[in-house]
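Chains here go by letter, A, B, C and D, matching the order in which they are written, and residues are numbered from 1 within each.
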Amino acid sequence: MIRAAIIGATGYAGAQLARLLYMHPEVQVVRYGSRSQEGKPYASIYGAFRDLVTEPCGGEDLSEIAEEADVIFTATPQGYLASVISEEILEKAKVIDLSADFRFHDTDVYEAWYKIEHQGKQFVPEAVYGLCELHRSEIPGARLVANPGCYTTCSILSLFPLVKDGLIRPETIVIDAKSGTSGAGRGAKVDNLFCEVNENVKAYGVATHRHTPEIEQELTLAGAGEVTVSFTPHLIPMQRGILVTAYANIKEGVTEEDVAASYQAMYASEPFVRLLGSSPAQTRFVYGSNYCDIGWVVDKRVGRVVVMAALDNLIKGAAGQAVQNMNLMFGFPETMGLEMIAEVP
Amino acid sequence: MIRAAIIGATGYAGAQLARLLYMHPEVQVVRYGSRSQEGKPYASIYGAFRDLVTEPCGGEDLSEIAEEADVIFTATPQGYLASVISEEILEKAKVIDLSADFRFHDTDVYEAWYKIEHQGKQFVPEAVYGLCELHRSEIPGARLVANPGCYTTCSILSLFPLVKDGLIRPETIVIDAKSGTSGAGRGAKVDNLFCEVNENVKAYGVATHRHTPEIEQELTLAGAGEVTVSFTPHLIPMQRGILVTAYANIKEGVTEEDVAASYQAMYASEPFVRLLGSSPAQTRFVYGSNYCDIGWVVDKRVGRVVVMAALDNLIKGAAGQAVQNMNLMFGFPETMGLEMIAEVP
Amino acid sequence: MIRAAIIGATGYAGAQLARLLYMHPEVQVVRYGSRSQEGKPYASIYGAFRDLVTEPCGGEDLSEIAEEADVIFTATPQGYLASVISEEILEKAKVIDLSADFRFHDTDVYEAWYKIEHQGKQFVPEAVYGLCELHRSEIPGARLVANPGCYTTCSILSLFPLVKDGLIRPETIVIDAKSGTSGAGRGAKVDNLFCEVNENVKAYGVATHRHTPEIEQELTLAGAGEVTVSFTPHLIPMQRGILVTAYANIKEGVTEEDVAASYQAMYASEPFVRLLGSSPAQTRFVYGSNYCDIGWVVDKRVGRVVVMAALDNLIKGAAGQAVQNMNLMFGFPETMGLEMIAEVP
Amino acid sequence: MIRAAIIGATGYAGAQLARLLYMHPEVQVVRYGSRSQEGKPYASIYGAFRDLVTEPCGGEDLSEIAEEADVIFTATPQGYLASVISEEILEKAKVIDLSADFRFHDTDVYEAWYKIEHQGKQFVPEAVYGLCELHRSEIPGARLVANPGCYTTCSILSLFPLVKDGLIRPETIVIDAKSGTSGAGRGAKVDNLFCEVNENVKAYGVATHRHTPEIEQELTLAGAGEVTVSFTPHLIPMQRGILVTAYANIKEGVTEEDVAASYQAMYASEPFVRLLGSSPAQTRFVYGSNYCDIGWVVDKRVGRVVVMAALDNLIKGAAGQAVQNMNLMFGFPETMGLEMIAEVP
């Protein structure tokens, strides 16, 4: 039994962390940190926890929290963790960060896309990018894990095998993503009101979305040279789920079988990646689960592959992935507490 | 470890049963029965089960199934179970019926409201109405449990204590219920198309809905004389969840405290009923869970109490309740496999 | 051609006013008033007006606006109009107020339910309650019209004939209303975020909602004594539309035919009330239109009538009604600019 | 005043035709044709027409209808019109076909993608492809107009100027489209049930969708050689609206200004195309209107242009476009009956 603290527990990712950790057999949550709601009963924010979580929201002082917790999850605004992290904290507690602060090896990239000065550069070298399917071996020994972004997880998992196996021309990659609204967070903004989101679809952050360089960093690791992508996210009227539709030109002679073999080789024994063949992925079949479902079609007529991948942005795209990282860091079975089947219907 | 069979496994309640039973530590599902889909892989109907359930849908021959299962869940059309149930089947397997066939003590009432001749009247006396909060003691010994309806569960739990404790005038009860669309089932009907349901609300079955006599039967058990209610269900554009808003005139002198005490007395130690005081119940805080949340307001100005209760129609209103009954029938802890926290947000 | 000004033009009711007035053949909008957005192009708030409305949002100084407009629509917070209205303004321009400031004959009632001191009591006697179906004759001569609330319009139209004709016992009236979220306005509040509203239903303002005394005031005019009602609004996951389900005990001997005759007598020649008989009203069939659809069922078994009425809260419940009032005040055909058929599907 | 007949009047496109034609000042609808509902009051299918349309649904015999109507709108299944059209009919009435039967100059393409033998090939040469922005001059003299598909209209309008002006490399075009569910029609299919569509997104018809060759045929007319595209439609949980996100590599040296100038040159005086510059198009701002809104971003970093275009699939993508064609064919102002502002919010 380990003790966990959640910083930013009243946001949507924080609430999913609270939920998953509550149901995890080896974890006790010792702090529901929330700057804005400190002192209010946590269950008064989310009635789902009524009679189950009786604690009030606590403060967010990391040094204090490091004394009482074995692991700290930070679901905090960009720049926050980098500004408060310290050697003292990391000596006492492991940190799993759901913000972007430690996702980039190159802080110049971070600063250029996030327009924030990085205040914790000394910890960048030791931070591990916590996409388990790519970096599993580095996670158990890490003190600081940078949990990947939601779009990023879905995009990287979709394309990594094809880039690595040289089946596609990386310079032709176009990623068109569709996301539910929980990805926009719980802030009180007019743009996220029901009447602005419902019965509507729009692109946003076109050519400027901050998950772009994160996707590029990781796809470049596939060894086919520096990868640059077009990434366009869209907001659609649902709460949860991301669907990535990725397009790329296949190299001469590449077949449907080659593509299938590439996915099989990389993911056949992955517990949380499911391969659908030519069946289009649907977000409802991953809703509430930690799976990333991937399907693909080779369109010979135009010489492109179309990859379709779905995940729950709050689970595999945030809290579930974070728990998967925690499992690896503390020696629990990787799937512990994460074997939920998607809600149906 | 017991063996369970699901008849009607491809309907929405059947799918929830499949999901809950898959995750239940003491159950192995041995049959996913579906007349219409026999032979097709179950996971091809609901992609949520991909890589988890590899069996095809099986047939629905109850006699055959009774040989291989310890418990049979029937999520079948009204009249079906009554027409095929037999002593032989009940000697071999316990049956938990999600249809209305064995909910009524008086088959005349059933036949009048359902317009179906009851073909299994000999089993009516032994059937137990499986609302655990009212009939917990009778369930363990039962061979045949009639799982309550979704509206019914929510309505009865809302009002039973107040009727029993004589706090309201039963002849003034008005129940206005709002339901998500999964309650209408997975049949291919124009009325349930997205474009007919979305951005719409309507009442249906006004004065004729079949859950009415079921509510009346159980509230009459509260001992305040024969209870007759106005019950009006509404369809609203969501998938899951029922909210019941019940109105009744309070008797002279009844206070907010009396009402609170009545709920406390009956439900304080119930594992799946949560009392919210004057806080309005919200369906999202029970989505995916087995809870029924109940709040109330005494409106002295008009001399009425307004009770608001929420549950997930597919869980506490169907599959979860059925598993709760199964737990009681087989001596498992009543809450086993049912301790999910509602999805948030 | 008259000149109209909208105060509060960037709210949802204001935007509908902008839309309806733009399409009205006898109106030119001369001011899109918005305190918070003054100076910004109106079409930058609502892209629907792109290339059509090129003006920026203007200020909200009523005295200045009265110089340039023949009619002023105020879609402003409670208390605002009462605090700025003056004889000078009313001498120059007619005012149609969408707030509650002038809806009550008795300002004590207003102050008790709204917790606001009324600062324009001298204008209360001349204000006309602008529900055309009840007060048509008083509207043409009015300088100040109080446009009714959305729930109120739907509730009063549902029940007025039955109270007036003595068919129901007024003390048994229970009104259960369901509303889309646009009724909550465009303010940036967490409660109205997509992820808080979607896949959810809840009651709010139980026993305290401010539309209650407005309903009571008007139903009392029906001449059956002082009417007191239970009124409970619910928020459901749609944008537009209100459905009222009203319950009342019928008097001894009252038949379905009596009820139908009562509705016919009052509404047969009303241009914007449609009678559905026993067919349940659906909000989608009034979406975008100025109709109020009313259906009813007499449930002899329990001695109650169930009335179901639907309207679009932003049209017949706000902007459309306001235009209907304007038409009457300026001598245009009452239906001018309001003959839209609901969007289908 | 002309007389119009609608064949397939109970489908969603048919209902929008009924609505727009009812509100059109120069049209009288003389037939609401529906094979499945013949004899039933049209308003009993769509309550929106209650008290307005009192006629029953009529039959679909084109020869009979041609006697009574000046124009016939056919919103019928693929292959139907081609199998019944005749010289006699076209001599008596003009036909505007909302199916794909006469959209292709090359019937081989039609037969290959639709898997239907074309039974009216003799009328293909005279049929005009009714995308007014491309073929305005040919429409007034046509007897038979093939109304374009919904995805098609949005895709062609998005890309035509850029192809024509040689700003993009046509072989790099990728079109990712998102559609509301009304595009799937009113057929009773499980896939279109609320519970299957809501809270879900999926691609469908990947590499095989029938609107692909239609887009290619028209873009090829732009004169930059034969155009082949990747087209992938997605179903999202809303009723109405299509958003097209189109990607293409820009040619060396092409700037944001070049792209803007290209759109301006082609659409500046179009009544129903609105140019948004770098502002992303949103479907809610065209909901219920006949506009197609187009925005774009030149992403220099990756050398691509991203075009975003929105329209209402039932209006500009079907019924509105058909009325626009009718206006041109009968000499009415092109915008008559089509000047609706989108519903807000």
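Heads up, the rule we're going with is that a residue touches a chain if its C-beta (ideal position, glycine included) is under 8 Å from a C-beta of that chain, and two chains touch if they have at least 3 such contacts.
Being a predicted model, the structure only gives us computed values, none of them experimental.
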Pair sharing more residue contacts (C-beta pairs) when B-D is set against B-C: B-C
Cα-superposition angle relating the copies chain B and chain A, to nearest 5°: 180
Interface residue overlap between copies chain A and chain D, same or different (over half shared): same
Interchain centroid distance [CA atoms averaged], chain A/chain B, Å: 36
Chain B and chain C: spacing of chain centres that average the CA atoms, whole Å: 39
For chain B paired with chain D, centre-to-centre distance based on mean C-alpha positions, whole Å: 45
Per-residue overlap in chain D, given as positions that touch at least 2 other chains: 12, 182, 186, 195-196, 198-199, 237-240, 282, 284, 287, 345
Touching residues on chain C, where the partner in the complex is chain A: 12, 181-182, 186, 188-190, 192-199, 237-239
Chain D residues touching chain C - in the complex, by the definition given at the top: 12, 15-16, 19, 22-23, 46-52, 182, 186, 199, 239-240, 274, 276, 279, 282, 284-289, 293, 339-345
Residues on chain B engaged by chain C in the complex (per definition of touch): 172, 174, 176, 178, 180, 195-196, 198-204, 206-207, 228-230, 232, 234, 236-241, 243, 245, 247, 278, 280-284, 287, 297, 299, 301-302, 304, 306, 308, 310, 345
